[in-house]
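Alright, structures below, take your time with them.
Consider the two complexes below, in which chain A is the common component and chain B and chain C are the respective partners.
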Partner chain A sequence: MTEKYILKKDHLQPFLRKLKKSHQLVAPVQNRHGDTLFTEIDNLDKVHIDLDNQPQNSLKRFFFPQQEVLFTYHNPARDSYYFETVADESAPTLYFGVRPCDMSALLYMDVVFLKNARDPNYLHKRQNNILVGLNCNEPFANCFCNATRNGPFIDFGFDLQLTDLGDRFLVEYDRSRGQEIISSWRQFFAEAAESDVKAQYQAFLEARGKFRLQVHLDQAVKKLAEDEVPESVWEELSMRCQDCGGCAYICPTCTCFTIRDQPISDSDGERVRAWDACTFSGFTLMAGDHNPVDRQMRGIEKRFRHKLQFDVKKDNRPSCVGCGRCVNICFGGTDIVRFINMTCCGNI
Partner chain B sequence: MPSQLLELYLPKAAEIQEVIEENSQIKTFVLAFVDPEYNDGFSYEPGQFLMVSVPHCGEAPISISSTPVNRGTVHLSVRRAGKLTEAMHDMHKGDVLALRGPYGRPFPMASLVGRDLLFVAGGIGLAPLRSVINTCLATGHERSITILYGSRTPSDIAFKADLQAWGQRDNVSCQLTVDRAEPGWDGAVGLVTALLGHCTLAPHETKALLCGPPMMIRAVLGQLADRGFADQDIITTMERHMKCAVGICRHCHMDDKLVCKDGPVFTLEELKQLNVMELQG
Partner chain C sequence: MAGLATTFGSGAMTNSINEIENAQVILVIGSNTSEAHPQVARRMFTAMDRGARLIVIDPRRTLLARRADIHLAIRPGTDIPLLNAMMRVILDENLADDLFIEMRTENFYGLRDMLFRLDLEEAAGICGVDLARIRAAAQLYGRAQKAVICYCLGITQHVCGTSNVQSIANLAMMTGNVEKEDTGVDPLRGQNNVQGACDMGALPNVFPSYQQVDNDDYREKFERAWNVSLPPKPGLTLMQMTHGGKDGQLKAMFIMGENPVLSDPVISKVEETLDNLEFLLVADIFLTETARRAHVVLPAASFAEKTGTFTNSERRVQMVRQVIPPLGQSRTDADIIMDLSARLGYVMDYESPAEIMEEIAMLAPIYGGMHHDRLENSWGLQWPCWDREHDGTPFLHKYYFTRGRGRFVPAVHEPPAELPDDDYPFLLITGRIYHQYHTGTMSRHSPLLSREAGEALLQLHPEDGRRLGLRSGDMVRMRSRRGEVQVKAQLTETVKTGEVYTTFHFSEMPINLLTISAKDHFSQCPEYKVCAVHLEKV
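On to the complex of A and B.
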């Protein structure tokens, strides 16, 4: 990838308007309460695309909804039990303003949902979409993607990647689809000058120096691998965790789910998949009340071990992307940053 | 999208051909897929499991208890334990439930050839081993087979027809024990480990296959280790809560392994690398 382009900020709105003709548009939008969330945009003129604040949600729900119907079941008589698939109506979508943490999380979800088996619902939503990323010039207060090594800038996974250079964006592409978009809408793009590329590098250097949190993630990974996390850390975490599941729901890489039947009538119903959390006591509970995991004591331990030990062992990288959302949401004080600090520095 | 993809979570209807009441808690359901073509093409290996759907009850993983040598039907032996299995117990011949699978890593059947075999089971734990035993017998396993089976009481003894048939084989020794005797019982009383203590075994030439409650597993493992069994010659099958059965939902996780995909069959050597409740006292 050598070609880099310039998209003037004045051209962003017209550019998105063009792409919106063929794609549903999802971007960070600040709502009237002041919250910034990735939102489906119907009318570009009526919303404020907010690229200054971190979206409170990730892209998770767009590819893996909090609840979705896998199929319907019908049992009109004891000798008749049949199923009907539900058409996935999701349209080709352009995801705009995706930061490196959320882009990396999506690449991780690809592994979860497509490696052991190809999950049809996920695959359908993942196909035919365009990913336009945005590098982070200004890491937010709880960000630590420098420690998880997937930010503040990213150079793969996207179709187009933007870097804010003041009155313009520097634009790169990773996949051929990105290149096609640029050639199709060439009127919006100018070739980048050497000074633009230098300005991007300068922005990257500055961004790297702006992280406010220092998170010794590598050290925690090492301690977990060597089984050197003191039992007192797990005790304190499980005591303080309020079992709300908020960390798992907000986390862009927490993908555990449950499947259950939702009756509609005596004879019909839906088989529903919904988000689950490994910190819940029922997560491993079997019929007859057998539970092979002491969830009260070990639930939160399983969560951190999964992200920082087992995924590292399997794929050689942790499955925390350093977005900091769990730090914002956890009122029990048992988010991943506090776990890492307790483990590595002995402080809370 | 290719239809095969859409069907990842979609079960296939199967009709109950027969219900065998093994004891007051366990029934064996003899099943055939409603679609005759699918039924003809259906195959599996001992140790694999099926996800069973019952209307309004969702799904649960159940070990296959029949041998794949007998084609045309598949057996699921089910203990009454929760909502779905209770509902199954209320089903009769001609009723339809639904299945998807088979899933999971089977028993390493090839490695059993030419070895003495020791099967130790407790209660419903005989179900997956029954699939192995009947497969070995049907394929002419010549070396000695020892089957030790523990039940709570004589009326809890399941798979009586199989036990009787196995006992009649020249190369099979089939021994039963119960925790608590009842009038008319003149067999052994006590744990399967007591039976195991009286068995003559050649540890270096024997593969041991276990399935049963965790307490039994721990006691048997201790004794097998004392008798010089190597960890890779001890094989068991794990039970976990499962939702997807295809390696995505992570309900059945054991450290970095997933029971639905990496198991349910594991050697003791593999289990010792993991933090497994069944092995902890």
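On to the complex of A and C.
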């Protein structure tokens, strides 16, 4: 990755219009109620692509939908079942404006869905996409990707990566597909000057100093590994947790799901995969109503141990990407930042 | 409603929900806030992070009660003696706010004389709570500069519900804990728009904005606006309607978004009443137990299919916007009412919900400045909002109470209508749980919620369980003088011995077959919180 290019901001819209001819486009769009969300764009001229606010959703649902039919089952004569797999028919998609946290989350999902058993639905969606990222010059209010060490700038995982330099973007590529795009649409890209590259370094340096939260994630990881988290922390957080599951649903790396068979008629039905959350008591409920986890005392424990202990043991890195969405959404103040701070600095 | 209306002059939360974060002492009485109102509980937790002290008065040891500095586990239905005892302690310890009482209230001597006659030991005995703990709670509340009282259906669903509320108001006024920011009396509403329904006159005795039907001036105002003549006599209350039986006063009913076959006490009586109607019309988004009994069912639109406003607990009127057009044959509530009205010979011609809101602003003074264009790009406005220039009212009763002076209405203990005896030795409390909503019309369609809580459980103290030979998961036959159900037992120390708790969400276990039809004398609210039952292992 040595070559760097310049894309003028004025040329962004025309560039996206070209790519949109062969791809479905997903980008952060501010809707008429003021919320910014990753949204499928039909008409580029009718939406406001918002690169100034953090999208409230991550890319999770585009690759791992909240509800997904895996196959249908049929038993027309009431004697034997036959099954029909539901092929994933999602179109090739361009994801634009992906922040380093969401990009890292996608790489983590690859580990979950592709490393051992390859999940066909996920694989299809993943093979069919272009990722255009955007480095974060201005971290948002609840961001702490500096602590999880996957931001505010990233240098792998994307096809194209943009850095905002005022009136223009500096463009890098990581994979061959990114290089292909640049060579196919050469008219949009000028070679970057040395001053542009210097400007990018400057932006990176400044961005690192702009985080508003101080999160001692490494210390929490260490305390978990050494089993030094006080019992009272689990208790306090579990009792405060309001059991809404919002943290798991909004989290770009929470990938637990439940499977259920949904009857459509007496003879037909479908098997559905749906998001689940380890904080729900039904997540660990066993036959005979036995539950090894007392939700009110330890309900939130699995969530933090998984992200900061088990995944570190398995993959040598925590699976929290520091996007801060759970900080924003949590009712009871039992988000991961609070856990880390309580673990490392007492109750603050 | 009636309780605060007679003491303060307005039956609604005096504070905004956010103000709870700044309180120094929070007194929660008859509310399982963290399960029933998580968004309010969250503010309580924030307040506690900032050093606030929490007092919880609840027969059950709820999650919130476990976090409390003081939990008073009273016997159900003994709120008045407890509150009176607290007030007596406040008097004795000289913690009453004399200036506030003098400047802003009336009839304090009536209350004081009653309190001086109170025997504290006796009152504590009635509540089943140690007097020292009552003293501690009273001192904590009485000393606070900013104290909030939150209450809910554990207060109102009693035969003495109105007096319970009045006693809470007495306590707050006596200590000067009203009329200020971060300080007040806050009834928590059970549904997203129940406040709005009351505001719009979905009560038997008032037009929108609480203008009484028996007041000639108000009635004439509405007669002119609607060009009809209106009866001066208040209508029937809920129980008078659904408990009419064979010889009920009503011949026909139109029920919208309500499921009385499951939610009203003594279900057999409700069924008898509905089955004897000449005509029953139900509009709902799903075919409820009530809708199944209707002659005609109209499919209604869900929240995502209509535009309008909801008014929440803190009197905040917020816009809800249509995301998708109504599915299938369903139609919005306004559409249904307008069409029905036209066919009955009275044309209602509104081109949009905004036009309806304009009429509300004209006729309901507390909504005077609320128009869709003002609500559209904001988090809404809190009533009273008198005109377009008015910014709404975050907390009520600033400078003076709505009714002028706050009125002390002393109350004495009135025991629940039916207490346990030898034949029916257990006291049944009914309420809600976190994962289901009301009669489950909506929430029971979610498989995940059903996994979390898919059936009714009867909370029972382990000691009682041992005596009856019950283990968690065993089926119990539970009967009262009115009916019988079977329900799965859950042994837990959340409830005290002799008391059991369950919910009304599940149609397979219609608990309101057992509940009593006794009701509050003023508001006619049924006593869902106390009745006597007998338990045996199946």
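One rule holds in what follows: the second predicted complex is superposed on the first by the 343 of 348 C-alpha atoms of A that agree within 3 Å, B and C clash if a C-alpha of one lies under 4 Å from a C-alpha of the other, contacts with A are read in each partner's own complex, and residues count from 1 in each chain.
To be clear about the criterion, contacts are C-beta pairs under 8 Å (C-beta built on N, C-alpha and C of every residue); 3 or more make two chains touch, one makes a residue touch a chain.
Just so we're clear, the structure is a prediction, and the values are computed from it rather than from any experiment.
Novice: Which term applies to chain B and chain C once both are placed on chain A by superposition, clash or fit?
Specialist: Pair status: fit.
Novice: Give me the angle at the C-alpha centre of chain A between the C-alpha centres of chain B and chain C, rounded to the nearest 10 degrees.
Specialist: With chain A as the vertex, the angle is 80 degrees.
Novice: Name the contact category of A:F331: first (chain B only), second (chain C only), both, or neither.
Specialist: The second partner, chain C, only.
Novice: Would you check which partner chain A:K307 touches, where first means chain B only, second means chain C only, and both and neither mean what they say?
Specialist: A:K307 sits against neither chain B nor chain C.
Novice: May I ask you to decide whether A:R260 touches chain B, chain C, both, or neither, giving the answer as first, second, both or neither?
Specialist: both
Novice: Which partner chains sit in contact with A:R99 here, chain B, chain C, both or neither? Use first/second/both/neither.
Specialist: neither
Novice: Quick check for you: in the superposed arrangement, does A:M286 touch first (chain B), second (chain C), both or neither?
Specialist: first
Novice: Is A:G269 in contact with chain B, with chain C, with both, or with neither (first, second, both, neither)?
Specialist: Only chain B; A:G269 stays clear of chain C.
Novice: Comparing chain C with chain B, which touches more residues belonging to chain A?
Specialist: Higher number of touched chain A residues: B.
Novice: Under the stated touch criterion, which partner chain does A:R240 make contact with: chain B (first), chain C (second), both, or neither?
Specialist: second
Novice: Which partner does A:R126 reach: the first (chain B), the second (chain C), both, or neither?
Specialist: In the superposition, A:R126 contacts neither chain B nor chain C.
Novice: Of all C-alpha distances between chain B and chain C after superposition, which is the least, in Å?
Specialist: Least C-alpha distance: 12 Å.
Novice: Check chain A for residues that touch chain B in one structure and chain C in the other, and list them.
Specialist: 258, 260, 276, 285, 288
Novice: Quick check: in the complex, which residue numbers of chain C touch chain A?
Specialist: Its residues touching chain A are 34, 38-39, 41-42, 45-46, 49, 63, 66-67, 321, 434-435, 447-448, 451-452, 472-473.
Novice: Looking at the complex, which residues from chain A come into contact with chain B?
Specialist: These residues of chain A touch chain B: 70-71, 73, 75, 78-83, 85, 112-113, 115-120, 123-124, 255-261, 263, 267, 269, 271, 273, 276, 278, 283-288, 292-293, 302, 305-306, 309-311, 313-314.
Novice: Which positions of chain A touch chain C when the two form their complex?
Specialist: 33, 239-240, 242-244, 258, 260, 262, 274, 276, 280-282, 285, 288-289, 296, 331-333
Novice: Would you pull the chain B residues touching chain A in the complex into a rising list?
Specialist: Of all residues in chain B, those touching chain A are 1, 5-6, 8-11, 13, 15, 53, 55-60, 81-85, 91-92, 94-98, 239-241, 243-244, 246-253, 255-256, 258, 261, 276-278.
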